[in-house]
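Below: the structure, in structure tokens.
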């Protein structure tokens, strides 16, 4: 694995080279495209003057807080719905009706209620992160080896001990997948909200670059978001490996 | 059918099946089973594969509830598992927490019982020693052989210090010697603590060697086909007991039963 | 150590372990194991729990590769599992596809071998009948008892029509009668087809009854402690064979070995 | 079983109705500015008006189509890519870093690029929707494949199953609960992205309906669109639920 | 010192506020002003209502629709208005393949506009109506400014309703030619953007409002007389590069606003069925 990290760069490098050559040969007048070298220059400049880093901080604060709130809520609801079937049945219609409502559709209302700023963005990110975590957690509950739940019952574990000692560890791999997905969603939603209304962070940077007719800068922001997302995911993967510990590695090794 | 319902003198029944019927879907697996197990007794259940031994044990553990009749434990009708009842599951591989080491798996029962953290390590060490797993504390279940996994589960059940021990082919994956060692270990624990044991096995000799009573189930639907009381002296001894004429007689009788049951 | 390495006359070895060493991490589980199994033979492996029986069998199946030495099958060094080698796993509960019914689980082996769809139902019916599961075709593994699950796995392995059959405590969860029935079933299949069998068990009588040869492993690290050739006449018979003096002598010998091995 | 399922469903609708009632009370008492939160009654009237006098049905259909095709493409690509990555360490090494890089790119920002590359076409919308809905399916598939009981892979190897057969007969069914959860989420994402695409790229559909309502401050119309989205989401969830019930019989039977 | 956050979109129409800020006029008049770039003009009313900004620069169509929808907003000062000198800063650009040359040619054609129901599209529609073409026979789709060139080139639309600086780029790229300047026939001094606030805020802060108006008036003169100062301020506010701005005409800054101007917009929007009621323009301009 360690010796082959470069493999991940092969495909993107090829794509970038193709794009550069294509742009140089054909030339482009598009206001949405720019040559990779120009994007790199814009990226470097924006990083050096600190504006992009400040924007990154703003976006990460909103995305992180939203992810934490929405994720924990989704986790709790997922466990509740997964373990207590009556609640799941009761809330089925409500949940399934609210879930698909795109947060962008209610942005004007969110703006009215919260105004510009972190609160609005965090609320919307939390709303968007809630569902994936809930859905995966609920489905993870269903996938727990029934024998383990019987062990929990036989030992008369308290509801809390049952969750913390059996349910949560058993579902942990899936829950982590849910959080990795939700982390990306958090970033996407935060940036979207920023592009649409909130004058903050990376999305606002994209907006300003776009309206300022600077495609290279706009794409630089996009690339940077990719880099931030990628780092976030790598971090979460590491956390996942640490959390699952040796038991998981043994499992995989077999 | 030789239905010799024995009434144990003196002590009130600890486990009692009263005309218990159980069906999965429209298939009746257990039919009108009645059975009383007296306190401190070891009752061994034998019977052909798929006759309902595990099912009966699961009902005694409160994991499934009968469709008809009732299962009572210490006088109370069972509706859910109780902590003073320990269950050794047949599929040991699935009953262990794969993310916990051997020691931590045993610890689970101590945690459930609220044993203070400081006392746990010593007790875990003792329990693992009892099942012959000293030195394997830090292995994960997937790093252990089948027999070792089975023994972790037994250690976890012993950690519960149960009043009733329900064991479903607990020694099935063990070699002869380890098995004999654990048989004697169990007998001595029961003698010390007065634990009542409900023991499912397919090894007829084991049933006779351990039991105060051996019950043979018949299949389709599961019902009692034979009920023998074992009058071998205690403490039992792996060499002497197994050579006693009474032992051989009982074994023969059970063998004939199983032979007829299958045929 | 009574290391009586037997050289079978005539036929070339089908399975051959050549100074095989295997370690998990820094723990050597098998050390310099050498062993030749001749074609058509039934070799039974016994030994204390955790001594490396399953590990040896998994190497013979090509599921794990030795750290030192080599395992050869029909003359070729094994690097991966082969379709003409069937493996009955010890943890039957995990080796079945939970989303397939009993019949469909058996069918998997036929699909792998490219048996045309039209032929499968008849063959599946035959195989399930052989293991005594007629009428349970449409049950899911979770709806079956432990012994029944174990038998589905055996049926699936028989469906492979393998040249070599590797069995890891295949009858561990079965009652005496079902077990004897399957023992004889297996013997007759081997006699008919000349299948070579590598059979792990913890039941010493079973080892002697089935085997042409019984090998006892010692633990820490796993190595051969005893290698007995069984000269009981074939076909064997559950009543007569088990009463032969030679049978009793071999059983005694193995028992002594296990006793020493554990002690 | 079926009967109790039905009763639960009724109860579930009653719960939802109770929440709608609370909404009505909140609106009636003007706890929130009615310009932004009209009562369900006004939203419902707007919905009816949209269907009878407007072309809401056409817009609904357009959105449903966009969502469905995007989701279908995403599911197929997600499962195929997930299977490839999940079973081949080599492919994983080459592809997954790039995929992890693409994953956090917001659709709203990629749409201009997509337009530049694909034009303002239905193909562009399909690409964007599929791109977004891909991730839940892909991630769930990869995870599902890695969580297959190792013993089952050994069974596959011992039986000499081909790679395709191992995927088709062992890994996919085993991962199917995960994949279905991913597809369930993917469908929601597809719906959301269809709406976003309509808003940003100006394709006719529920998204434009909502956007125009929001712009001209016709809150009842906006909520009518949102209600319609919710109902649409519920309908798709029911469809996936049916699919799940069919595919995962073995799981429900074991309980 | 009152703090005021002024929200505007990335256009040259708010040049007066930008200049008042960059030249220190607000400060001189005792106002602590910050300016926020708002992405979409239609977000301004909600931003006002949530008190995220106190003064915003909506287009008349956004403002009137918000009022029509029930928001209690008032106009406080003019920002920019149409003028014969700037008629060519917006236009409709068509591909040669579309064959569009005169208003009648738009019937049945697909036309991209930066926002349906927004300023440019309303005025374009008015132009069509004035030329006896029913805008309902034109197929409008939304196309954002930056993607207009790509969209037009891909043939997905036949024409785009656009404005500077995008317009000259499209023409320079050879993607299309101007098929009409729809601002040409408009009367003088029709507001393009004006400053607005909630009535509550305006009633509560009369001094701040007066100071704001005075600042804007002063700044408007600077913009109109010294466009380069305006460009500089706009570049600072919107990040649009100076080289882009320097080739652009600034819209005329016009701090005055009267009822008659709003009435003209109400009529225009009513022609296009954009309003449900008819707003009482007499109360919509803060005294």
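The letters A, B, C, D and E name the chains in turn, as written, and every chain counts its residues from 1.
One rule holds for everything that comes next: a contact is a pair of C-beta atoms (placed from the backbone, for glycine too) under 8 Å apart; a residue touches a chain by one contact, two chains touch by 3 or more.
This one's a predicted model, so the numbers in the text were calculated from it and none came from an experiment.
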> What are the chains that chain C and chain D both touch?
Replying inline: none
> What's the chain with its C-alpha centre farthest out from chain C?
Replying inline: E
> Which chain pair racks up the highest number of C-beta contacts?
Replying inline: A-D
> Where the centres are mean C-alpha positions, what is the separation of chain D from chain E, in Å?
Replying inline: 37
> Measuring from the mean C-alpha position of chain B to the mean C-alpha position of chain E, what distance in angstrom results?
Replying inline: 84
> For chain B and chain C, what's the span in angstrom between their mean Cα positions?
Replying inline: 28
> Where in chain C do residues touch two or more other chains at once?
Replying inline: 91, 94, 142-143
> Hey, what residues on chain D touch two or more of the other chains?
Replying inline: 33, 112, 115-116, 214, 251, 254
> So which bits of chain A are touching at least two other chains?
Replying inline: 30, 32, 108-109, 112-113, 146, 195-196, 210, 251, 254
> Among all the chains shown, which pairs meet the touch rule set out at the top?
Replying inline: A-B, A-D, A-E, B-C, C-D, D-E
> Which bits of chain D are touching chain A when the two form their complex?
Replying inline: 8-9, 11-13, 15-16, 19, 32-33, 36-37, 90, 93-98, 100-110, 112-113, 115-117, 135-136, 139-140, 143, 146-147, 150, 177-178, 180-181, 184-185, 188, 191-192, 195-196, 199, 207, 210, 214, 222, 225-226, 229-234, 236-238, 251, 254-255
> chain B touches which residues of chain C in the complex?
Replying inline: 24, 46-50, 53-54, 90-91, 93-94, 132, 143-148, 151, 169, 172-179, 181, 202-204, 255, 258-259, 261-262
> In their shared complex, at which residues does chain A touch chain B?
Replying inline: 145, 147-148, 150-151, 153-157, 161, 165-166, 169-170, 172, 244-248, 250-251, 254
>> Show me the residue ranges of chain C that touch chain D in the complex, using the header's touch definition.
In response: 61-63, 80-83, 85-87, 89, 91, 94-95, 97-100, 108-109, 111-113, 140, 142-143, 160
> Which of the residues in chain A come into contact with chain D in the complex?
Replying inline: 1, 4, 7-12, 30, 32-33, 86, 89-94, 96-109, 112-113, 131-132, 135-136, 139, 142-143, 146, 173-174, 177, 180-181, 184, 187-189, 191-192, 195-196, 203, 206, 210, 218-219, 221-222, 225-230, 232-234, 251-252, 254
